[in-house]
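Next, two complexes with chain A in common: one pairs it with chain B, the other with chain C.
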Partner chain A sequence: MSVIVRTISRVVAPVALAFGAYVIMHGHLTPGGGFQGGAVVASVVALLVVAFGAERWKKWIKVLLPLEDTAALAFVILAFLGVGATFFRNVLAGSGGLFGAPVPQPGPNPGALNTAGTLPLMNWAVGFKVLAGLGAVVLLLALFGREDG
Partner chain B sequence: MKRWLFLAALLVVAGYLISGGVWLHPFGEPARSEMDRFFIENAQKEVAANNVVTSIVFDYRGYDTLGEATVLFAAVVGVALLLRKVKG
Partner chain C sequence: MTALHVLTLSLVVIGAALAVWFRDLLASVIALAGASLLLSLEFYLLQAPDVAIAEAGIGAALTAAIYILAIRKTRPKEEE
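For the complex of A and B:
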């Protein structure tokens, strides 16, 4: 693509990455979550593929595909954490440890990041899964049918 | 013959669609709201999450999310299999 597109992409890509990370991180407080934030980050991959060409990002497929598998495994392991009571039991909520703080007060409140138990961890797992999966799909589709693909 | 069959099918489908639109349930008045009430009142206490939607997606109905993750996983594996580089 032209110099204009590449320059604008260099400016937009970090901002979009930060926004995607924010949506994933605050999934238990604000609208959005792992899937939505992962889709935002995957759109950055699409932007970079359009602006700089797919060949430049070819070796990232080898990183993204194992990352997707690892994140899927992490999600299932987090679900198995509560298997003593039930599958998907939120064992960390209200425990006082990691993400274990209770909601400041019931009803409308600004929210605290250190709440919700396994939900933030699952948001991270699903977020990495979606960003790696969709990013790998975008890259694979962009490279398909090329001689050097 | 074919045309009459088509017209009859068209009438049936159109009748279903129009009656569905006429007798549409009014917006904002769910027939049963016990479960909604339960989620709204208990999600902050039980899951300690402000975002009730996320608490439903990842806690109350985690199985649905597991299925969704499986679908995405299968789609990515399928694309990676079909579009991989084949030697020779």
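For the complex of A and C:
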């Protein structure tokens, strides 16, 4: 693509990447979540592929495909962690540590980030799976097939 | 507020009609992406920001990119 498209892409891509990461990380507090944030990040991948050409990003296929499998596996493992009680039981909630801080009581709070137990981890798993899957779809579609037929 | 809904939805319909009308497929895809973006604005006005983010990411950005990549590998003009 032209110099204009490439220059604008260099400016927009980090901002969109940061927004997608924000949507994934705050998925349990604000609108959005793993799927939405992953779609935003995948649109960054699509932007880079359209702007800079697919050949330049060819080796990222080797990263994206295992990343999708790993994220799906991580989601299932997180769901199985609570299988002693029920599938999807939130084993980290209220247990302290990194994500299990107790919810401040009583009443509304400004949004305590690390209170949701396994939900942020599941959001990350879904986000990585969606960004890897959709990014791989766009990248493979751009790589294969005839050019200017 | 009702006027804003009417304006947004009218622009969505106009964008969709333009997507059908254009002979140049690239312009058609741009019109479809614009209609999708306006649809995500309408979702936001209806207080569904969750759906609006998904619509803006998938409808406006990803499908447009996939269509553009497909057009690049086929004919850019619609045949009569």
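For the reader, a short list of remarks on this structure follows.
The rule is simple: the second predicted complex is superposed on the first by the 141 of 149 C-alpha atoms of A that agree within 3 Å, B and C clash if a C-alpha of one lies under 4 Å from a C-alpha of the other, contacts with A are read in each partner's own complex, and residues count from 1 in each chain.
Rule of thumb we're sticking to: a residue touches a chain if its C-beta (ideal position, glycine included) is under 8 Å from a C-beta of that chain, and two chains touch if they have at least 3 such contacts.
In this text the structure is predicted, and so the values were computed from the model without any measurement.
Shared-chain residue A:L141: touches chain B and chain C both.
Shared-chain residue A:N123: touches chain B; no touch with chain C. Looking at the shared chain after the overlay, A:A39 reaches chain C, while chain B stays out of its contact range. When both complexes are overlaid on chain A, the residue A:V50 reaches chain C alone and has no touch with chain B. When the two structures are aligned on the shared chain, A:P31 is found in touch with chain B and with chain C.
In the superposition on chain A, A:P102 makes contact with chain B only, not with chain C. Touched residues of chain A, counted separately for chain B and chain C, are more numerous for B.
Applying the stated contact rule after C-alpha superposition, one finds that A:A79 touches chain B and leaves chain C untouched. Residues 31, 33, 35, 134, 137, 141, 149 of chain A lie in contact with chain B in one complex and with chain C in the other. In the complex of the two chains, the chain B residues touching chain A come out as 44-51, 53-55, 57-59, 62-63, 65-66, 68-69, 72-73, 75-76, 79-80, 83-85.
Listed in rising order, the residues of chain C touching chain A in the complex are 49-50, 52-54, 57-58, 61-62, 65-66, 68-70, 72-75. By the touch criterion stated above, chain A contacts chain B in their complex at residues 27-31, 33, 35, 65, 68-69, 72, 75-76, 79, 87-88, 90, 93-94, 100-103, 106-107, 109, 111, 115-119, 122-123, 126, 129-130, 133-134, 136-137, 140-141, 143-144, 149.
Chain contact summary for the complex, chain A toward chain C: residues 23, 31-33, 35-36, 39-40, 42-43, 46-47, 49-50, 134, 137-138, 141-142, 145-149.
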